[in-house]
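Presented below are the structures under discussion, each in the form of structure tokens.
In what follows, subunit A forms one complex with subunit B and a second complex with subunit C.
Moving on to the complex of A and B:
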């Protein structure tokens, strides 16, 4: 299994979901943060998670690469399979899992080092050779739409980049370790409209190769960028459908009320 | 869920204004067809003359509504029921405008028939029945829209079939009259056109009904097949 031994991503079977969540509940003490959620994510699709603040969106995506383990006191029930393998199995190495299921956070989390070193960071952790690192850094920056902008300044401090460039650099860093799934937690909430547009355009490119799961507060963004949308409310999955169906003719009254801005 | 007050107040106000304009447009369109047929069947020129004014009002209001809809889409990016209401309104205004235009076309026939004399054989019972059914269909479709009632238009297609049957019967009767010499061709052609206009108005009522079902339920109208019902056949020896 690639999350236990082989760090090279497999193409996988297009007929099976890349991530399959069944009966997922997350507890903080006696309080249920997520209740009995089941849904599937597919390769080469963007899935948006929407819902009001506190509905459990961020907790949910953090369960998908075991980032919940970083927060003490959370108890996870149910199963999550990545390409058929239970990611909470003891044999799964969470570091390798997080390479396959990479995450980009709300605010850009660039390290205080050069642009090159930021992207190379994960590759050095797994002791890739210098030539592989150079090749992957350039490729990742290209995929993140940054290479042409930054190719002459790769050894400049990443802290000198604009917010939008920093966020795309974080995406490049996640891409460098060859993920199959990208988790994006409100990746444009701190960006201006122009930088937001660049990230949204990038999502369109990324979904040609990856499964992308994006948490967003901006429903128009969910409508613009995603193929499927999941609506969460009070820790429950209320509706999960093709994005155009969910925004045009939602099946649930609660979804209708939320997407039309009547609450939240 | 907490007690909700609509947060998108501006969109709510825009939708309320749109609904008000749509109801007005629908009422004027229905009035136009009633007056046109009243003018025709009662040889009442004054009713017929009013239709032209109503048609101009319909056209002007249609433009206002289109602008309303475009502004709401551009400014508020509506979704779900709000989106369906706006796109349905955009489509329905065209149907209502066409109904108004056909009403004007019918009204324009009235002076010509009036000049042709009182003894024109118009097959009035069938024509009146066709007009009643058509007006009923328009009324049903419009009420469904204003009352947000998808169930009331479920059987509107059956009325359309009855209108189509009457059109075929009238058409054949008028052609027969022309070929037999009992109906002057100038008059016969006008009556064929009137029955054709009614048949088209009924089709527009069906369109409105289908779109109301979509607006209310989200089902259809994409994939709804275009009616393939053939028109009346020409009698042997004609054409």
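Moving on to the complex of A and C:
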């Protein structure tokens, strides 16, 4: 990623997608949840995954950091490369992968410990020194737009925070371990409109440095925050394009019906 | 005035009505309150009476010597039995916590669904084995078969087996109840399963687990049958774990039928009973205290 001098490179570096998915299928027993999906994700872009409930978008995002392995009974076929490395290769340590490809869930998953300890969680897993931890916690909270709100209460229980703050804390926690990619699985679906607004604003900040992949059932949100959008339907990738194009002049009939609200 | 007079007539109608069905309802309502109160008293009274009775018998002769002197001849105190009780309880708790916590975590976190279901049934069965049967098993295996004769270690192990299912069930429940989100959140941070268990699940499961451990200790403390058949009896503190020892429930068992005119054996039995009740109450207060403290800490997570 030699694009540091060009922070507005929203097209990314065409030669090296940060994640590249080829022929991905996921099976639960004999049922195909995802079939033959190929697409690429670029650094410093927000990619939205849209589609009706049950289309496989959550399963898809979970394949990207091998979280599918946490739920038993799922079989993954095809390849996913993270900067050229096949992440399903035996040699890849899923722990290290998940630190590079961080994930935030639908409902905030703060741990029952202090705000500071929540953000420090991933750093302590890799035994960072105390001074590094302190520095990174503050920096991550600042990036997640929480530092000013919470700086006097860092040792308060994170469970006392509001839902919106908890979700941004989860983002800060993922940022602390220095990821390249952030996977957000419907991060605002449990939040009220003003908290949603804050998270969306945050996405614009984050894409200056990270590749952001967001699953959303809210098409307006996809249109607002993303550079590219992938539309999934019944486990298949129907269309993948720049967001503006996909919403304004979709090539597929199915996409058009969905984005104009005719089903879903 | 005319208006207020007509209003005043209305409550009178209601009073008249209360003589019919409403009166019946009022009576049932009151009666039910009394019956429930009576049931409550029926539970509380024996407990209060028992504590009073035992205290009345134990306290007048209770002295420092009761705690510090070994029982010698027809005199002395409970010293060696108190120490014996704590040695046995320490042994059995160590064994039961080790086995119960590890197998509980295995059942909740690692076991395939069918194995977990079978393990839970086995846990219930073990909890249902009568203590005297367990004692007989301990006697046969640890006293006779090993050739150790009556000894403290055999009692500790047998009592430990008695305590395992309570700790096992509490641990299984505690880890099963950790919200799924927490696991996903931790694994998505790159935590290994072990790191998730230690740093996230354990603190959440701790209060339920500790309650189970203290409950098992309180129950184990009061058990007599597994010990009578395995530990034997001694008036002095055992020099090794393979010697017999005295213990508080054994003091009651051995001394309760001595004539009250012969030595102070009956008094010792009452003092042992008194100490047991005090220790059990302390353990229960501890359980409540821990539960309350953690409930506050985890508010908002477990609902």
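Keep this in mind: the second predicted complex is superposed on the first by the 250 of 264 C-alpha atoms of A that agree within 3 Å, B and C clash if a C-alpha of one lies under 4 Å from a C-alpha of the other, contacts with A are read in each partner's own complex, and residues count from 1 in each chain.
Note that in this section a contact is a pair of C-beta atoms (placed from the backbone, for glycine too) under 8 Å apart; a residue touches a chain by one contact, two chains touch by 3 or more.
Quick caveat: nothing in here was measured; it's all calculated off a predicted structure.
Visitor: Subunit A superposed: clash or fit between subunit B and subunit C?
Guide: Overlaying the two structures gives subunit B and subunit C room side by side.
Visitor: Does subunit B (first) or subunit C (second) touch A:68, or do both, or does neither?
Guide: A:68 contacts neither subunit B nor subunit C.
Visitor: I want to verify one number. Taking the Cα centroids, what angle sits at subunit A between subunit B and subunit C, in steps of 10 degrees?
Guide: The C-alpha centres give an angle of about 140 degrees at subunit A.
Visitor: According to the stated criteria, A:174 is in contact with first (subunit B), second (subunit C), both, or neither; which is it?
Guide: second
Visitor: Output check: A:259 vs subunit B and subunit C. Expected answer is one of first, second, both, neither. What do you get?
Guide: A:259 sits against subunit B, while subunit C stays out of touch.
Visitor: Tell me which partner A:220 touches in the superposition: subunit B (first), subunit C (second), both or neither.
Guide: The answer is first: A:220 touches subunit B but not subunit C.
Visitor: Would you sort A:229 into first (subunit B), second (subunit C), both or neither based on which partner it touches?
Guide: Neither partner.
Visitor: Quick one: is A:105 in contact with subunit B, with subunit C, with both, or with neither? Answer first, second, both or neither.
Guide: In the superposition, A:105 contacts subunit C only.
Visitor: Touching A:188 in the superposition: subunit B (first), subunit C (second), both, neither?
Guide: In the superposed model, A:188 contacts neither subunit B nor subunit C.
Visitor: Check whether subunit B or subunit C contacts more residues of subunit A in the superposed model.
Guide: The partner making contact with more of subunit A's residues is C.
Visitor: In the superposition described above, what is the shortest C-alpha distance between subunit B and subunit C in Å? Please give a whole number.
Guide: Result, nearest C-alpha distance in the overlay: 33 Å.
Visitor: Give the list of subunit B residues in touch with subunit A in this complex.
Guide: 1-2, 4, 6-8, 11, 77-84, 217-219
Visitor: In the complex of these two chains, what residues of subunit A are touching subunit B?
Guide: Touch residues, subunit A against subunit B: 219-220, 223, 247-250, 254-257, 259-263.
Visitor: Report the residues of subunit C in contact with subunit A in the complex, numbered from low to high.
Guide: Contacts found on subunit C: 181-192, 195, 199-200, 203-204, 297-301.
Visitor: Enumerate the contact residues on subunit A facing subunit C in the complex.
Guide: On the subunit A side, the touching residues are 65, 67, 70, 94-99, 102-103, 105, 107, 109-113, 121-122, 124-126, 157, 159-160, 170, 173-174, 177.
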